[in-house]
Each structure stands twice: as C-alpha cells, then as structure tokens.
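The following block contains the structure, expressed as structure tokens.
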C-alpha cells in the first residue's frame, strides 16, 4: 500500500516570525480609568456651564426687552411719527429710516464686496495684492465703528453741510464691506477645486466657471453672509450718531438731511428722564431685536445648503 | 484584442516632463502612445505621476499657478503644450472625468444640457433629444428619466459619476480622460461604469487612470505602468498581466509593493 | 496578504513535488515489475494510483481556490497555471505507470523465454531522465534546461518506433508469443508517452519562466 507523504500544509499560515511578538509579551496590567473618566466629566461639565451662561444671558436680554417693550408695542406705535415727551408718538419714521439706511448701505457695499470676494478666491489667491486686501479687511473689521462714523462725518457731512441718511448708509457700507468680502471668499474657497476643473475641462471659460458654476454652488452661503452682515450693521448706533443723526419727520430728505433711525432713537430715548420716552425706547429695542433675529433666522433656514 | 492593422495613434507624448510649484519634478521624459478608439489604462502606486501625466492631455493643470510641462504632447500630430494652443478648443476635443463626481449645482437635465448649449447651435427640441441620448449613452436614462428636474447633487454617487460621463460625452469629445473614475464609488456602481466605459470605446479614445489593477485588466486594451514619474512598461494589457517584461511591473501587479 | 499568498503557493508547490515523487516512484516500480516479472509489485503500483488520483484532485482544488481568492496576475498567475497543468501531467504519468504494471501482471502470467525478451532499459532510462530533468527545470527555474530536454523527445520516439518494428518483425516467426509482444509494444508506447509528458512539462516551465507559449512550435516550424 503506497501512500503519498503529504507535506504539512497549514490551513492558516503562521504569522511571520520576527522580533518579540505581541502574543508572547501578553497583556500588561491596566491603568485605572478613574482619572480619565473624571477629566472627561469635568470638561463636559465646564462646557455645559459655559453654554448655559451664554444662552442664559441672551435669554435674559430677550426677556427684558420683551417685558419692558411689549407694553409700548401697537400698530400705531409702528406707524406714527415720533413725538416729544407728553405727546403720544411712535417710531414709524425711525423704522422707515433704518430700513432705508440699511438697504441703501447694502446696495452700496454688497456688489463691490462680492466682486472683491470673487477676485480673492478665484484669481488673487496667494498674490501679494490679495494678501494686502485681506489684511486691510481684517483691520477694517476690527475698527471701532465710531471711528468710521467720524470719518464719514469728515468726508461727507462736512462738505455737504448737513447730516444725511446717505452719510449713514455710507458709514454702514464701510462696515459691511469687509464682512461680506471675507464671507464670500470663504464660501467660494469651500467649493472643491475639482468642480472648477470639471467646468474648465468641458471647455468653459474661467469667467463662466466662476459665475455660473462656482457662485451657484456657493450661492446659499453667500446670501447668508450678506443677510448676516445686514443684520449686524442694522443695529449699529455709533456710526449713525455723526452721520444720519435723527429727524422727527419721515425720511423724505434721505440724501440731503438728517434721517430718523432706530438705534439713535433708542440712544436718545434711553438717555431721557421721561418714563413714556423710556418705554418707547424699549419698544424700539424690541422692534430692532425682532428684526435682526428674524433676518438671522431667515438666513439660516431659507438658505441652508440642502441636497435637493 | 487582435491588431491586424495598426490603429491610428490619437495622442503621442514625447519626452514629457512635469514640474510642480517650486520646481519639484513629477514626470521624467515620458513617452506614451495612445491609440485611437482603444482604452489605455495607466496604473502605478500612489504619487507615481499617473494623474499628473493625464492632466497634461487637456492642460487642466494650467488652472494652478506654477505648474508647468515640458516636452511634447501631440494630439493628432499637433503639440498641445504649445502656448498658442487654444485651451477652449482643446478641452472641447478632450473631455475629462474626475475621481470625485462633480455634478454642477443645477438640475440633472441642465447638467447635460450645459455643454450642449455652450458648444453647439441647437434648438430646444434638439437639446432635449441629445440630453436623452447622452443619458442613455451613460446608462443613466432609465434611472433619472422621471426626475430630470431634480438637482444633480441629489443623485447617488454612482449616478452622479454617470451624470458626469453623460455631460462629458454630450460635448462630443474625441478623447475621454478618466482620473480614477470609480475610486469614490461602491463596487456595484463601479461595474456599471466599467460596462459603460467598454461601450464608449467604440466612439471615443479613452485614457483611464486607475488604482484598481483588476479594473485595468478587465477593461483596457493597453496598459502603461508608471513608477516614480517614469513609464516603466507599456504594452497590451494581456501581456502586462500575464507576462510583464519588467521586474518592477511584475512586483507591482503581483502586490509585492505599492 | 502577500505573505499569506506566498505561503499558500509555496505549500502548493511542495505538494506538487510530492506528487511528482509519487508518480516517479510508481513508474520506477512498474518498470521493475516488468523486468523482475513480479506481479505483486505491479499490483502495489495499481493500488497506489488511486491515492495519486485523489491528490491530483486536491491540488487542482487548491489551485482553483487560490485563483478565486487572490486573482493572481503575472508570475503568480503563470505559476498557478503551470502547477495546474503539471499536476494533470503527473497524474497521467501515474496512470501510464499503472498501465505498464497491468502489462507486467499479464507478462508474468505467461512468461516469455529469456532469449526473446525485450530490453526496455534504453528507452526507459531516457524517458525517465527526461521526466526527472523536466521536474528539475521546474524547481530550479531553468528554461534553458527545459529547452534541451524537449529536443531529446525525438530519440525516445525513435526507440519506440524501433521497438514497434522489432515486434512486428518477430510476430510472424513466433506467433505463440503474440501476447508478450503486444504487451511489449504497449509498454514501449506508454514509456514514449511519458517522454511526451516530460516535453509538455518542459513547455510549461518555459511558459512559467518566460511567459511564452512554445507548444506545437516544432511542428509549425517543420
């Protein structure tokens, strides 16, 4: 009976032989877990505390405004002209003025800011000019807003000989510009390079790729950025003190004369000693807070990036 | 593949070298022939320059500052590295598919119609016809015919990639470059795209860069093996995968390194 | 993964060589049974053949498993394909050895007179040397040696033809030995087949080492 001697063919190959293997070293004793868990809990605790603090303050502010301002609120309050102490007045002119000033500021600032952002993201990139532009934008964003107000007072109000809504718009536009420019740039930079390449690979010009594909891809982010910038500046007070100032009339003389607006109104009424004016100030605060809040919410909800 | 008569060479790269920003050289004197209406696969370990090589064929690298190619890339005998080459015309002739699907942020229909409207004088009806044909050609029509108005970004990864292929072939290019077209896609979708590529072979000259050697073996007529910026071996795929001439090729495709 | 594959393919190769040893031994014993007219030895060869058959099936399954699991290419692919083919060839060597052994039993039942016995030594020696050499060429990666062995096939063919001619010449003179002579022709034919198998193995070795299929080229050249 002849059989073939079978070689040892292992079903599973042994691990390659080498320096001390993990298997031979075995499992060393564990460190205690207590400290790590404690550390974990502490960090978590601090985060929750910080969150509670931030949200708490915000809720506190909102509650105060709501409490004090709601008694002033009515349809008449929103639609009638402001009036001095003792007369029943509203904030209609200030509300209209603020809307005019902010919208006009957006009209001045947004188009060039978006163009500048596109240039930074698509063409300037790492060039020196782009770096200089980014740096000055950062400086401008950190500039105290009252300085901007003073500056516009110097270049517009003094030569024109009068405060005007236009001057207020220019001041706000100066504040908006760097914010919109940088958010535009950031949003465009977030669009992956392969999208640019695939546009170019189809035979599109750089201009078409940028305007029709990249900007479209970044559209929601850009709109959100603009809306947040608008909301941010609509409550700015300091630049308006020197420029738009205040008027007790509807904003008919937007380009030539002082124009009413809510931040300055709040400032004035808040400083006054009369209770009815203070109440009106709280009401105005409530209105501007709700406005800013709703713009924020719209920006976040309506222009969220969704897949379909 | 029986080559009873020598196929025409669509692209010939001659002494092609490539430099990244700062002078780092990524390709060294590459000579490569791409026969017309065949599938040429380019394989090699990561960072060997295979994608870089491909990206010179439509000069897409020129988007990036400081990148530069030397030597010659002859498309039908014309050196496309010549600065006088019109890039828009070049890219109309040489389409490209990327690693990650890149649908434009618009509807499925508009994604495919975009290059049609851009390059050709067509009526609305003709555009609709050609969009359907391109989507059929990319084996996507049956899956999207009821959702042409949906955003291209809402499709699955494999569908997005086929949408990009439909968009590329709608422009009627002569050459299709594919830069790892299935590396971001699941295996079933990958097989679909491979079938698609094999069918496209009848109409287009295809160059495909792939990490997946089985893929190169399955679909290509010729295979080029790149290593450290040089072309180690080029030959019929059958020969490369059964009896490579170079030791380095053998080591790479049998998995001894890379 | 590479290590594991190398390990598996090496064990497979080892297994194939053991099969080769077994087939080789079967051949040697069958020839010894013919020369020594020992039917017991011959029966042992025939019995052992089933073990060889079983081993051939196992090796084939192992090859198929490796191909399915690792999808080998290039040198790995050629090695597995060569193992698969050589495996089949070796099984046929063992079959031919059994055939020879069967003839040996037949011969032992009706022994021929000593003076008219055939001498198988020259042809067996040559064929056996070819088979050994082919396996050596496989183990030692020697395509040149394989090429040399292929050329020897003609000599074995000639010896087989001579044996056939001698048997035909003798048959009319000694009709009583017809059975013996037919056995001799069969054995000679079997040995010649073994030389052919050695040639096939050599051709597989050349494919393994150089990637060229050299089969049938001699015939094409003629």
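Which chain is which? They are A, B and C, in the order written, and residues in each are numbered from 1.
Following the convention adopted for this analysis, a contact is a pair of C-beta atoms (placed from the backbone, for glycine too) under 8 Å apart; a residue touches a chain by one contact, two chains touch by 3 or more.
Nothing here was measured: the structure is a model prediction, and the numbers come from that model.
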| item | value |
| --- | --- |
| Distance-maximising chain from chain A - centres being C-alpha averages | C |
| Chain whose averaged C-alpha position falls nearest the assembly-wide average | B |
| Chain A and chain C, separation of their C-alpha mean positions in angstrom | 86 |
| Interchain centroid distance [CA atoms averaged], chain A/chain B, Å | 42 |
| Interchain centroid distance [CA atoms averaged], chain B/chain C, Å | 51 |
| Junction residues of chain A, two or more chains touched | none |
| Residue ranges of chain A touching chain B (in the complex, touch as defined) | 125-126, 192-205, 208, 213, 216-217, 219, 307-308 |
| Footprint of chain A on chain B - complex, ascending | 58, 60, 63, 65, 87-89, 91-92, 94-96, 98-100, 102, 104-106, 114-115, 118-119, 150-151, 153-154, 164, 167-168, 171, 177 |
| Contacting residues of chain C [partner chain B, same complex] | 1-2, 5, 71-78, 210-212 |
| Touching residues on chain B, where the partner in the complex is chain C | 213-214, 217, 239-244, 249-250, 253-256 |
